[in-house]
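Below is one structure, written out as structure tokens, with a few remarks after it.
Chain nomenclature is as follows: A, B, C and D, assigned in order of appearance, with residue numbering initiated at 1 for each chain independently.
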């Protein structure tokens, strides 16, 4: 979930409420806040805590809430984890510390020290493009022995790695293996993955939920049809800016065009100017129409998932 | 300066006092805290503030204190900058936000927004291996127009970039261009650079101060002689570990061997085990002897520098 | 297809004959020689020509033969292409020049100059890990206007790129989009890709042919079952060496274990020593058994494909 | 030395004669042909052989000629090496095979097999940006035991690596350690390096020869003065194109502006168009004037060096 902002260090509270309802109403099975798309590391700790509280309050247990606690400082991860528990969140998500990258044995030791300090179950978050390091196979293998670690979100974009992980986790049937880039949602679920955490679901939750369902059901034609719409979202909205921030800017701008929330961004990033916004506006309208023709709105009722995040069923199609 | 720690989130206060005296007594011209070698991003904000206070108090104005405020969250940089002012620090140091890397125009805008919020002069910190982005020539050129920005520390290890920066900054004679990797201190000062921020100066401050002085005076033979010792420090102490943390571990372990401070490290990193420590111990003794034969101890009196960090003279040979 | 060698600059002619029969008999739909797995750039031009001749002669038109002409020197690509025609080959395969990487407009101009000099249809070969450059979307879009260019083999391992290519090529239904890493064969064909060029098919051609067929037919269960065997090949045979050559060494050593051809390698690489070979031997036997239980040998009759390489049907499941 | 071309696969013979005289007359101490700036890998083998012959004939032993034999195919390196001997060349230069990168033990074994086949002394060529691999310290250390290997050209641009090499080679005082990027010539020679292979010396050989001499003599002021001109060459001529080919294009275009040789380039590259050429023309004139004011033409007499390439004196300031 993106973090709706009204200004520097200021939450867009009304936008947040609308966004949560848009997502829960769109059928998503869980909410992940303070990830990359949520601009987690770009927010002050005060605002992160406020976001956790307000999101949990708005969600009211209808879906599990997962909170990103990735940090370069051990203590700050623990502090935020405790706040997540007291706010009513259900699980935590952790990428490796992202300044000086740790070697695999260092990351192993880090997890061995950190996990006992955490009051909620943990999902690993593999994001090598930003953290400069992978959770490699040997490390994941060891994590399977720890019941407090319940899954892995892989945002590497490397499907060979994903298939290796699928092979590894077979001995922990309760583990949840989710994919990051939404362009890979279809194939990863067809291959046995448990869902995706997809930025575009902020805009069009039904599309991603339906795609997940079609792939999980083995309905290849339907999955291909919906996957092509996902590629259309990606091709039209995510390549307007020239920098790595382009995806975030496209999503936030699209949400503003849909009237859901403000598109203010945490610095060093700034919202699109008028010209780019006009392109996003046009694409968003086109995408809405294309999606509406394939995804009947009758199915837009909220699909309440359980509150136990460790059950793979409950985590699927997290956005 | 490394950050002496006694435990997780606990400063080694006595070690900090000894280290500051070791450095000021060793003739360094300024202190940079909360940089990469200082494990800045790995420390809790509480501990960062405590370190700033205690360091400034211990230094008592004998040399300028520069405080690293690099952060992924704008507000946290500003908060720490304000704390630095109130603690009596003299300047700030800033690498780009290091999670999702900004494009050059985004970094430009970021600086335009951030610098007016900072209550102290700012030195840029180029550290592409960890931030995934350079302060490129065009951006630095624009920064030269802002009197609040007073210099650049380049830790890229790329001397072609360094020479381009030397050319650029000629129109700001008050700017200070410092080099990061200590293996490049000699040549960068011979080429016209203003000094270095060198991790090894934690251990052997005189060596780096003398090398800086020899190079700044154009004494080529002396500079080469001392540079070879610097290479010996690097070759013996910085390659014992196999991960990027090897340099930090070598320095902190060497300081413990010298009886200056504890070698506890901020997680995800951990001090060397007994076997590596024995190697560091041996190398440290050998290096001390080699340095003592070239750097007479009579010269070890503190060299008090002025308190105005913007004067290049005052910033030189910062460690 | 690997290039069977008996010594430095010496073809293993009997091994080559056995290998061609093993592959054609295994049902592959086309042969690609002088690619990365074929050690093309590591062979002398004399040996490359001999290989082209002998392969075409042995194949006798039963399947199309595609010849890699990737080179850093324009003229050498043209020379080899002419030799391919005169030897009876059917198409050419070209990665970008791989020493100093060209920019996209430079590669565009290169293709505009090279393609008219080529006497056979051309398939592009995207291999950024080795050529340091991608055939990017805009360049591929322009290539679609040239009827002499008939397809793209993507060995980037980047499925997002692959999906973008799938979208692009819709207006050239005669184009053939093949995938490189065999671990991605299942999902790329399920997504609409036309097949794969898979190193492991040297060892177990039926496995890859059957997987292609199952995926092309939309038989998800069967495709998953066979894909898991492909992952087993990859996990057991391709990670024994520690260097990028590990895949090649595993395949060649496996072929030697199967009694098909020598495992001599073009320098700078060398065959596995006894210890690694023993591991490959064991894995190969295990894999044979696992594959035999899923892929009935009754289906091992050669599946003769047409000789027109531009028809997607004919190119599918090239190994 | 660049390779003057008149067309695809056609040497500019008159241009080659003028270029050789320009360089030998400019005081260079040796000639390196078929390197990166010489577009070696982009030329047909026929043209490479012709270039070796014509260059040796034109040089007439006035300076040593070093021939690049870098190749992906072992046999082709050997063949070119033999041709170099029979043409009268003095030494060979070899970067690692540059398609599938070898691991360090593989490169070690490669050198152990290749060097005995070479009829001339060999200089290693470290060029990781293009070969994707370094000659690492351990490998270089072993090469010091082989009297047939006589030096290393380091084009990594990494001065920390260069200093490590300087330390390593002390036990082979006959070894020659040269630097690649001309922007690093001054500091590498001041640090004890033996010279440089500098693309800009094609245009302005005296500048680089005088800079080498000033640095080798420890004349810091003069070296800085000339180094600033070298930076001016780099800043004005090498950044006009946007791709990695920009340096080559700038040099070849400059040579055409000086009337020395044609600027035709080996594909996939093409000469600058009129607009870029006009900028090169202007910069070249400006640079000529700036250089003339610092480097008196009276010193432009050829400085004949010995013919024994293994003596460090003879290899210095190779361009």
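Keep in mind that, in the parts below, contacts are C-beta pairs under 8 Å (C-beta built on N, C-alpha and C of every residue); 3 or more make two chains touch, one makes a residue touch a chain.
As the structure is a computational prediction, the values presented were derived from the model and not from experiment.
Chains that touch both chain A and chain D are the following: B, C.
Farthest from chain C in terms of Cα centroid separation is B. Separation between the centroids of chain A and chain C, computed from CA atoms only, is 37 Å. Distance from the chain B centre to the chain C centre is 51 Å, each centre being the mean of its Cα atoms. Of all residues in chain A, none touches 2 or more other chains.
Chain pairs that touch one another are A-B, A-C, B-D, C-D.
In the complex of the two chains, the chain C residues touching chain D come out as 8-9, 36, 41-47, 72-76, 96-103, 105-107, 109-110, 113-114, 130, 132, 242-245, 248, 266-270. The residues of chain B lying in touch with chain D in their complex are 157-160, 163-164, 167, 181, 183-184, 186-187, 190-192, 218, 220-221, 224, 227-228, 231, 234-235.
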